[in-house]
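Below, each structure is written out as structure tokens.
Next, two complexes with chain A in common: one pairs it with chain B, the other with chain C.
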Partner chain A sequence: MTQQTLDHAAAAPAVASGKLSLGRSRVRAAWIFLAPMLLVLLLVAGWPLARTIYFGFTDADLSDIANYEFIGFANYLEYDDGEWYGLLVDPDWWNAVRNTLVFAFISVSLETALGLIIALALNASFPGRSILRAAVLIPWAIPTVVSAKMWGWMLHDQFGVLNDMLMGLGILSQPVAWTADPQLAMAAVIMVDVWKTTPFMALLILAGLQMLPSDCYEAARVDGVHPVKVFFRITLPLIRPAIMVAVIFRLLDALRIFDLIYVLTSNSTDTMSMSVYARQQLVDFQAVGYGSAASTLLFMVIAVLTVVYIVGGKVNLGEGNR
Partner chain B sequence: MRRLALKGAFALLLVAIVLFAVFPFYYAIVSSFKTGSELFRVDYFPFSWNWSNYAAVFEQQPFARNIANSVAVAAAVVALSLFLGLTGAYALGRVKFRGRGILLLTILGVSMFPQVAVLSGMFEMIRFFGLYNNLVGLILANMILTLPFTVWVLTTFMRELPVELEEAALVDGASPWVIVTQVFMPLMWPAMVTTGLLAFIAAWNEFLFALTFTLTNDQRTVPVAIALITGASEKELPWGNIMAASIIVTVPIIVLVLIFQRKIVSGLTAGAVKG
Partner chain C sequence: MAEVVLKGIRKSFGDIETIHGVDLTIADREFVVFVGPSGCGKSTLLRLIAGLEEITAGEMTIDGQMVNELPPAQRGIAMVFQSYALYPHMTVYDNMAFGLKLAKASKETIEERVRRAAGILQIDHLLERKPKEMSGGQRQRVAIGRAIVRDPKVFLFDEPLSNLDAALRVQTRIELAKLHEDMAATMVYVTHDQVEAMTLADKIVVLNAGNVEQIGSPLELYHHPENLFVAGFIGSPKMNFVKGSIAAVDQNAIEVALPGEVRTRIAVRPDGARNGDEVTLGVRPEHLIAGGADSQLVGRVDVVEQLGDSNLAYVSLPNGATVVVRSEGDARVREGDQMPAGLDPSQCHLFDADGAAFPRVIQ
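Then we have the complex of A and B:
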């Protein structure tokens, strides 16, 4: 509707060229403005992705990336001499898939629960609230590599402060090797990720909380409804959309995790994620073809989830309101 | 009485939240001032201000060069993203044309790309352009992280601006370029500061591309340099140096974030951008 008024207003000085051609020249200008951005996106996203998918069907090698042969689906699955080969029967790949799913599910659940608590606390009014809000942003601001190193030191098996604290509290009787113990390494990774990304969760949920209408709460207060009931009957249903958006974003982010795991536990199989696995194949083992196949599978998983989210979540693209 | 207990519990919760958020950073500061065998003892409070770790960080590797690299890459990425984002956002936010919705969806889709999915294709391209072990290659690669959300957030802001402004300029016969630079840009500054900061932080923190596309110490950015600090043997990491380096690169970011915290929060929630 606003578009129409704009065209009417613009029609006055443009009598000679006429309204139609003005609209057309506007669209042409729009494409000229879009071109550089689209070109860069095509160069850094479209083309490399297409090449990665293609490499997945070849036997390319990192040391000589220009020479390769097309080998079909052999990187994914191949039957040769009575045995199956390829990514889909590689136990290390499935181990990475399992690790990634375990990591994503547990860390995002914990972050949502803690983020909700922090958001509710930040939504209350108390002296020093802005200090608290600033403090909560600190973990988010620290580079992932740096937080992995900071925690790597805190989790140190001999001199780590976490062992010292837990032993001081009597929870541990002797120091544990957080990042080296196969039973604990994943827990350590999840702990650091929860610390790092809960603020993001809390801030998104807080934004949702601050948009809630106050009249429901006044009505509930007048009727003397118990606060716990108010939370579960009013607050939670109303902020569910905000929480869902935050959860999806975090989930997609968690599924592609690389930095934290690579720096905290390097290429250990106990914590290896799909991204770490793909990079290890690509760079450390120089198997560009095989690594690209793994990258493609990870991309497919995330693409399917993204489409489900965009279709299911009915993301507002602004087509309707302007 | 019950009220008081509740208040106490709430205060306790707040203290717990602050400790949870700040302690690792605080402990890194304490550790960064400890040398030698002092590191093998757990201390909760700083007892000396020994700056030797900080000096060692710069002596034992080209850390100043690494910082300069990171600043250069991040600044170039911010400038490029803002320019391309602003022009793109004008087209996507102000002009109605066929295929706009699909374009916006595609751009949102690109922000979900796992970095590793473009790694081999990007490696080949960077080799092709002769940009391996070169900061220009890193700038190019980082655009995939920053451009989608810059376009997305700027489009959202651009859409909110009143239509009368543009009408007035059109009546005066202004070209689209003049409209973007003279009419919209002055109004877009808050949004550009927000998205610029988020892009700067994303480029400053980027690790996978920087690790894969650089080879020598003097081309590395800060995250890679910190990740690769090693001691005499694998078992003896120089934790004091690592903590000092971590503090050096984190303090500027934290200061930025604290100064612009309102803008950052609004930017994060406006685009629901990835953390």
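Then we have the complex of A and C:
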């Protein structure tokens, strides 16, 4: 106690004489290192976001972007002449929200399941494993627009190789319009997304698998635990943090899906996502105010879902899982 | 009765054979320690007994039952790993109960066995902790507890104390000895710590490059090493070796000529020894007499290590060899001094040119 008092007494003049204590100088150094990044983020993310939110409260038009008026929440919801107007009562918007959620939920689920299986397979040791690991990544490495266009051609109802093959095998009797048929369009989009992003999932989960302590598995063998039980009782709980992080990455990505859907099915309402809807309002209909409002809402939907996921799934994004 | 019998056990990884035919009988309730230099195959041999590695050739029985094809869980063994191998996501209680739970033991049985093991190891208060919330020593206890809960016929330990600090090691070592008494089980223990091997073992198996060099009680290995390898491996600091040649052969002794016109008569059975043969004299540092004796080696002290209770003097002989002499802690030995190191013939060992010991005759 006395010693502590003495230390304080000794430290005080040092601070007063202009020298910072170790803790404070560390904090200052941290801010200095962070500042450039924060500045860049503010410019490239903060500013556009602020502008978008701001435009959401105006009636701006793409043909004359300089002239707009502030209209409050009218883009979101407005009561006029006994009728409700605005995004929140627009059936097309809610259709886009539903499409996005369906797409995100199904594709991320499939990618997680398939990614887990592939990761487990790649984690086993067999000759040529490293080559296969690299090869699996190819779909992920191709830019989305390129792979979407590629699949667009393969799925084409008249010239597509898929129809040709399935008809050759006698599975189909006549060509199917994969991307135009309302029943099939969403399935086609999900399939292409799964094809493209499963490798990413597999790789993230594989990284998790490789961190697993191998001696636990030997202990399980001595304990006589059945391999299926080992998977569900040991492997899965241990890689859960890795899977949760991988899922959140994918979920954030899937909820703002734009390029794949736009290239594959353009503005079709069967597959229109929130981003495609916002682009349609903003560019095709030139309604910058309304489109910005849609973008803002999209941002909020994603933010809310992410928070729900992190809190609900107890995801630990920081360190300290092990 | 959990006797473990190994007959001609061999193990190859791919084309490389690492265990070259081990014959070993571990009696019921015996505490057997495997020692040997790093990479000699101690862990591999233990894992073969555990069933974690497949036996390439030979036969193994545990408790009279052939186990070559049995999976680990059915061999009646429990293993404690060097790195503890606890399930990181389970509490201590679940770690210990996991095997029993999956074997569909009743809740009461599980509870009773876990509590009993926890009681023995004094980890009752840790049962709700996760492994990462415990110290290394506590984790090691949990790992031992998990083995106890399995109620095995044979305990297998792979360097269980090597991650603990010196004080904790001594304490846990004593507890292990006590555990062996209480559990009345067979124990096989791998270590490269001399002291652990000497203090714990009923029987030590010295391994070298996949071969058994010698099997015997700690004192047998200390007093009657069968070859140069065992002589050099058991004991710390290591036994001194001095090259010499046979000057005369008796019925019950060999007279050796050592560098510096020194001669000494050592009481051994002179099997096949002939005058003029090259031999190696072995004498432990603690058996060299710092003040000199009738026959003695004399050299210059290079380095002195003061251990408190004793001093270790590194003496270089005129022929270039170095011998270590242990003397009393308060003896005044200075670097640069000429120092005589007296030989007590009754404490000397003699090895032939192939490294095999001439059996010592104890008067």
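Following the convention adopted for this analysis, the second predicted complex is superposed on the first by the 258 of 322 C-alpha atoms of A that agree within 3 Å, B and C clash if a C-alpha of one lies under 4 Å from a C-alpha of the other, contacts with A are read in each partner's own complex, and residues count from 1 in each chain.
The criterion applied here is as follows: a residue touches a chain if its C-beta (ideal position, glycine included) is under 8 Å from a C-beta of that chain, and two chains touch if they have at least 3 such contacts.
Being a predicted model, the structure only gives us computed values, none of them experimental.
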Next item on the list: Would you check which partner chain A:Lys229 touches, where first means chain B only, second means chain C only, and both and neither mean what they say?
Entry: second
Next item on the list: Considering only touches as defined above, state whether A:Arg221 meets chain B (first), chain C (second), both or neither.
Entry: second
Notebook entry, point to check: When the two structures are overlaid on chain A, which partner does A:Phe299 contact: first (chain B), second (chain C), both, or neither?
Noted result: first
Note to self: Tell me the contact category for A:Ala254 with respect to chain B and chain C: first, second, both or neither.
What the structure shows: neither
Check: First (chain B), second (chain C), both or neither: which does A:Leu155 touch?
Finding: neither
Next item on the list: Figure out whether A:Ala45 sits in contact with chain B (first) or chain C (second), or with both, or with neither.
Entry: first
Margin query: Counting residues of chain A touched by each partner, does chain B or chain C come out ahead?
Written below: B
Margin query: Please report the chain A residues shared by its interface with chain B and its interface with chain C.
Written below: 322
Next item on the list: Using the touch rule from the top, collect the residues of chain A that touch chain B in their complex.
Entry: 2-3, 5-6, 9-10, 12-13, 26-27, 29-34, 36-38, 40-41, 43-45, 47-52, 55, 60, 62, 65, 117-118, 121, 124, 126, 131-151, 153-154, 156, 158-161, 164, 195, 197, 199-200, 203-204, 207, 245-246, 249-250, 252-253, 255-256, 258-259, 262-263, 274-275, 278-279, 282-283, 288, 291-292, 295-296, 298-299, 302-303, 306, 310, 315, 317-319, 322
Note to self: Touching residues of chain A toward chain C in the complex: what are they?
What the structure shows: 213, 215-216, 218-219, 221-226, 229, 233-234, 237-238, 322
Notebook entry, point to check: Any idea which chain C residues touch chain A in the complex?
Noted result: 50-52, 71-74, 77-79, 81, 83-89, 98-99, 102-103, 132, 146, 150
Item checked: chain A partner contacts - residues on chain B that touch it in the complex -> 10, 13-14, 17-18, 20-22, 24-25, 27-28, 31, 39-42, 44, 80, 84-85, 87-88, 90-97, 100-101, 103-105, 107-110, 112-125, 127, 140-141, 143-144, 147-148, 151, 155-156, 159, 163, 166-167, 170-171, 173, 175-176, 180, 201, 204-205, 207-208, 212, 222-224, 226-227, 239, 242-243, 246, 249-250, 253-254, 256-258, 261, 264-265, 268-269, 272, 274-275
